[in-house]
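Chain lettering (A, B, C and D) follows the sequence in which the chains are written, and residue indices restart at 1 in each chain.
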Amino acid sequence: MDFLSILLDILLSAAFWTAVLRIATPYVLGTLGELVCERAGVLNLGIEGIMTLGAMAGWMAVYQGAGLWTGLVVAAACGALLGLLHAALTVPLGLSQHVTGIGVTLLGTSLSYFIYRLVLPQASTPPTIQPFQPLDLPGALAQTPLTYLAFALVGLVAYVLYRTPAGLAVRMVGENPAAAEAQGLNVTAIRIGAVMAGSALMALAGAFLTLSAFNAFFFNMVNGRGWICIALVVFASWRPGKALLGALLFAVFDALQLRLQQASGGVLPYQLFLMMPYLLSILALVLVARRASYPRALMIPYRKGER
Amino acid sequence: QGKVKVAGIYTVPIEQQWVSRIHVALKAAADRGEIEYVWAESVANTDYERVMRQYAEAGQQLVFGEVFGVERAARAVAKDYPKTAFVMGSSFKPQEPNFSVFDNYIQEPAYLSGMIAGGMTRSNVIGMVGGYPIPEVNRLMNAFMEGAKEVNPQVKFSVSFIGSWFDPPKAKEAAFAMIDRGADVMYAERFGVSDAAKERKVLAIGNVIDTQPQYPDTVVASALWHMEPSVERAIAAVKAGSYKAEDYGPYSMMTNKGSSLAPLGTFESKVPDAVKAKVKEREQQIRDGKFTVKVNDAEPKSTM
Amino acid sequence: MPSSLKGGPEVVLRLAGISKRFGPLLANDGISLTLRAGEVLALLGENGAGKTTLMNILFGHYVADEGSIEAFGRPLPPGSPRAALEAGIGMVHQHFTLADNLSVLDNVAVGTEPLWRLWSDRGAARRRLLDLSQRFGLEVRPDALVGDLSVGERQRVEILKALYRDARILILDEPTAVLTPQESAGLFDTLRRLTADGLAVVFISHKMNEVFAASDTVAVLRAGKLVATHPTASTDRAKLAELMVGRSVKPPSPTPLAPGEPVLELAGVTVASGHGRPLLDGADLTVRRHQVVGIAGVSGNGQTALAELVSGLIRPDSGRLSLKGSVVDHADPAGMVRRGVARIPEDRHSAGLVGAMAVWENLIAERYHDPAFSRFGVLRRGAARSYARQVIEEFDVRCPGPDARTQLLSGGNMQKLILGRTLAHGPDLILASQPTRGLDIGAVSYVHSRLLDARAAGAGVLLISEDLDEILALADCVAVAYHGRLTPPLPHDRVSVSQLGLLMAGHWDILGDILPETQGENGNAA
Amino acid sequence: MRLEPRTDIPLALRLLAPVGAVVAALALCALLVAWTGAPVLRAYGLLFEGAVGSRFALTETLTRATPLILTGLAAAVAFRTKLWNIGAEGQLYMGALAAVVVGGGMLDLPGWALIPVVMIAGMAAGGATLLGPAVLKVRFGVDEVVTTLLLNFVVLLLVSMLLEGALKDPMGMGWPQSAPIVEAAELPKLVERTRLHAGLAIALGLSVLLWLIDSRTVWGYENRAVGANPRAAAFAGMPVNRIMLRTALLSGGLAGLAGAAEVCGLKGYLTLDLSPGFGYSGIVVAMLAQLHPIGVVGAALFIAGIFVGADAMSRAMPVPNYIADVLVAASLLCMLVAGLLARYRLRRG
């Protein structure tokens, strides 16, 4: 078969699109989370650590006997807690968002590993749980509830951002905190709230990996997915709808490379295929760069009464 | 009181299949009261040499680990501590007087599990998902493919690598991709592959560890690695004061009970008798030294 | 309602003994003020006198160290803009507090609904905004992005923000600093309508004519202290100026000089904008030695492009730019400096100076390659510092010394710093873009005299300003910019403010009356 | 409550702040240590000993600090000019790649000539890697945070591809690793029978050099101006884009040098696990140092010491060795807060 017909074959199969939606789910959640933080003016490089903690905490809760949905709540709460740490340092104290974020990633990751090892000191095969099961629906619709949740959250986040007073306040503090304050808003509280909410979403992205995509927690399991979300937010020009699109596009590349890798009969090094999503993301960025309008106060700390 | 002090230094978490075999064997020895066992996991290769020295300085008598990425440094450390016994995963030769090597030479059961896979596939497509194409992985995949082809010359293989040891969701996706394209038996080098097979109701072949208890309707057979013979031999030698550098490779082979084909268990009645007979015959030949499985460390390629 | 003893209108605001310290600096020193309904209070004072600080305390951005505030007879909790808003105080900040990426409606409505409401009633908000905008003649487009608005439009949005919240007391901090004369006039119209409704206004300005045109009472701050409060009618310009700066200030009086050879010539220069109408459209202009050429015009008619062109930031798409008789082909900022152009940028904060760097570092920014300041790539810091001390001295830059961080200088002193950087080297051409925007009258007069000194020494000056008074006071001749085109130079003594106003609005048909010798182009330029 | 900047910071406070930060971090992590059941005080005694308590501990700390200084400098010079280079990890690997190519026997030179050539090759490769994102930023306004971040993955895959292909060591028994560099390309050891190598001297020399460049030269002056206000710098006539690209070359070069030094000083060949995230830690180091080249040395030593010490401690106690990273993270965050409290005072209102 020539390349084009293979490609067509892949793209026309329902299984391919099922995989795309599945692969996209953690990116959708993580990107939404990062987007909410950045919309409020706070870059959250802690995403990788927050996702790891979400993956571990959600899984651990279920492993200790909680229900799957309870596990999700636990993950979100832990994510919000790390988000609170990030926000406490970067918002009222105005510390560098880059370093704090990297610190939070390091802390979230190492703390997750530490706790996991402390609770399960002698695991030689990773213990497993019974994860979310795909719903019994035809074709690409056969997804676990978390995928549906992620897609619903895109609409919810978009609604909140663009149609509610709180969403407008979040966008305002991300664009011009001084203006928000002049309108009587509490910039610090809104930023902290947004970072916590965003971090909770990131933790859900992590929990998806252990409660839906797989059934055990692994060290290094998040494997750079958080960093991709940061890129996707830029690609999405900070818009929830485009974030969904970006996550789906990335997932398409990823699902495609997995299939092309096999179809290529080992002629090309597999690394070339693995590179594809990253290179295509950079290309996509170059194409959208000129039009991107970032939140103007992103990464700029705001301390009341200082100029 | 003759407990041998043993340390393990692992570059990955102890859940990683390869390392878990060493860890389990040492832990069993510790539980039996033969050794005192300490271990460090997720040691970056940059730090590996330091940890080796720290354990040697701390008076550990026997050190297990894997030095694939730090061959040179590790051998230098061994030279500096001639009284400490090092038994390290390595593709190279032992080094006098105290640096022994081992590796997962379980190509024999891998070959046998390949035969079973070849006999079980209906679509004649077998999918294989690996982390990286390193010798420890390639060797088993190649043997597996040979075994499958012996039983079923029509069989085709689809191979892919995910570029990570620790990403089961990704391995699972790679497996799904293969199943979507017709594979009905999956070679589960990574965690996640058997899960995909289970979800899609196709079969899987395990590797290094026995996962049939977790996947009773999915995992047909597994090529198992047992580090116990190597571990026991090293401990005995240290205890007896007769430890010397040697190649522990053979103690990972079937003849020395270093590896085995897992019992078919839930699949006992589902594997065709003809296949079972062939496997049994080969197994006997291997034990008798009449059949050798070639060690081929080259990167396996898809044949589709 | 308790009325004041004099029986005048109700007192709506009472500041009592407000003091505020920033580290060692006493920015406000025991200031007490009262404001009545319908009153317009003008707050005057030099740069850094403490006007903005006082208003920021009133609005809750800062907390006073001492003193109290009462609004409508009730004490105002300190440090809460929300409380100030709820008490009916609205503030238009010195630097706009608007989000460029959000719509006008969003900017106005944010924070007016309970935060936890599950939806926002944008329909009602839009109706209210349009209603207010109609009532007070403040025309806005609710869905336009603020970033796309002109400064005048933004000013309107700022005022609407306050009115939207039913402000009964409106604070305007230098509201006209960036407005054109027409826009300013419009603003004062609006203010009159508002005060007729009983609104009380505090407005801060450096422009005397506005103070006299609009205020009932004037209060003067000097170095943090309230030095005088007078009914506006009972005082005059000279007296106020003296109160502000502590000495008398004379307006500039250029001595007539014969123009010399041309230093800058533009011939048919066009600069494309990328979309729509070009920024500059076949502009012709000549600036000679000993001559100040003023460019008047409503902002957005090509002045920025003209300034960038002469600064070397952009190049003409067609036409020719010559300096001292030779054509400049590949202009860049460094090349312009080399050719003897002194450039005073419109925006001193973001284009003129690097705030985070020391004064001396900013002073050598245009000529650090000069062997006097660097050799073999190594800075001669000693030489640069002593040079800086010299300039600081000569240009009266008030700062702790050459190592002071530039950020901490006041606007006036920043401007002097830029003057020192550019004028110290005997330039042939000076580009002065809004050189006195936001400066107090003391600083303004200093800048003007420096420009006139340079003119006397043989430089040509291209003065771009939206302040017509400034142009008429300094310029030998004036060109008006409209839609990227320039009128021929009009001698300053043959043209009146009202004629300039017409030309700025595009009525170029009157050119024939002013310059009978040219044939008035072809009527309306529009 | 609000923060008010202090006009001058007392020396005592300046010195006390980092100490306070470490104490706070240790106190926080004491909870975790206690949870494992280990005696906290003894654990911390062992940590200290493991970091600086012996010749071996000290040289190990210095060895680990070496790449951190270089990646820290890489981040510092880039951030100074507001070039947000998050890609030092990838640039490090490119530098290492160049080192094994050039130092792998391609050139037959004596050590005094070969080592500089290999180091420069590493720098060139690292610099070239960052040049791409920098050009995209300058030309098309593409956010470099994202491009440099993504390139890390691409570079790692590229290295993986080469290690399994063109650069694979024929004597490596199939393991994906490069052939070792020739002996002449190896950096000399600074202390006999330890891992401490001349890379440290290079790193220290460079931090002094960069400090001099930053504070004394036209280059440093231009870099700072462009970093603080690119518009004003352009207006004053500085070639902003050129300065940006030059900074990219330097920053990427420093990260590349880190990779080359790790190969030539420590490892001898290239594998996929050369760096346990040195590129990312470099950002932390640079920011802790407030982008000051000399401060980078201190910050790197601090991070390395905490890690090495805590790692050693976990070996002697029943504490999972992940505590080392937890401690590094906690110290980092506490250090940030302490630095802030030194610069500001807490005031009511």
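FYI, a contact is a pair of C-beta atoms (placed from the backbone, for glycine too) under 8 Å apart; a residue touches a chain by one contact, two chains touch by 3 or more.
Note that this is a predicted model, so its numbers are computed, not measured.
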Steps needed, at fewest, to go from subunit B to subunit D via touching chains: 1
Selected interface, A-D versus A-C, where C-beta contact pairs are more numerous: A-D
Rounded Å distance between subunit B and subunit C, as computed from the means of their C-alpha atoms: 76
Where subunit A and subunit C are represented by their mean Cα positions, the distance between them in whole Å: 45
Centroid spacing, where centroids are CA-atom means, of subunit A and subunit D in whole angstrom: 27
For subunit A paired with subunit B, centre-to-centre distance based on mean C-alpha positions, whole Å: 34
Contacts with 2+ other chains: residues of subunit B: 42, 133, 163
Junction residues of subunit C, two or more chains touched: 63
Residue numbers of subunit A (touch at least two other chains): 113, 271, 274, 304-305
Listing of all chain pairs that touch each other, if any do: A-B, A-C, A-D, B-D, C-D
Partner subunit B, residues of subunit D touching it in the complex: 56, 60, 64, 157, 160, 164, 172-177, 180, 193, 195, 262, 266-269, 271-276, 308, 311-312, 314-316, 321-322
Complex contacts: residues of subunit A adjacent to subunit C: 163-166, 168-169, 171-172, 175-176, 178-186, 293, 295-296, 304-305
Residues of subunit B defined as touching subunit A within the complex: 12-15, 20, 23-24, 27, 42, 127, 133, 158-170, 172-174, 176-178, 180-181, 191-192, 195, 199, 209, 211, 214, 301-304
Partner subunit C, residues of subunit D touching it in the complex: 4-5, 7, 216-219, 221, 224-225, 228-229, 231-239, 349
Interfacial residue positions of subunit C with respect to subunit D in the complex: 23-24, 63, 78-79, 311-313, 332-337, 343, 345, 350-357, 361, 365-366, 368-369, 374, 377-379, 381
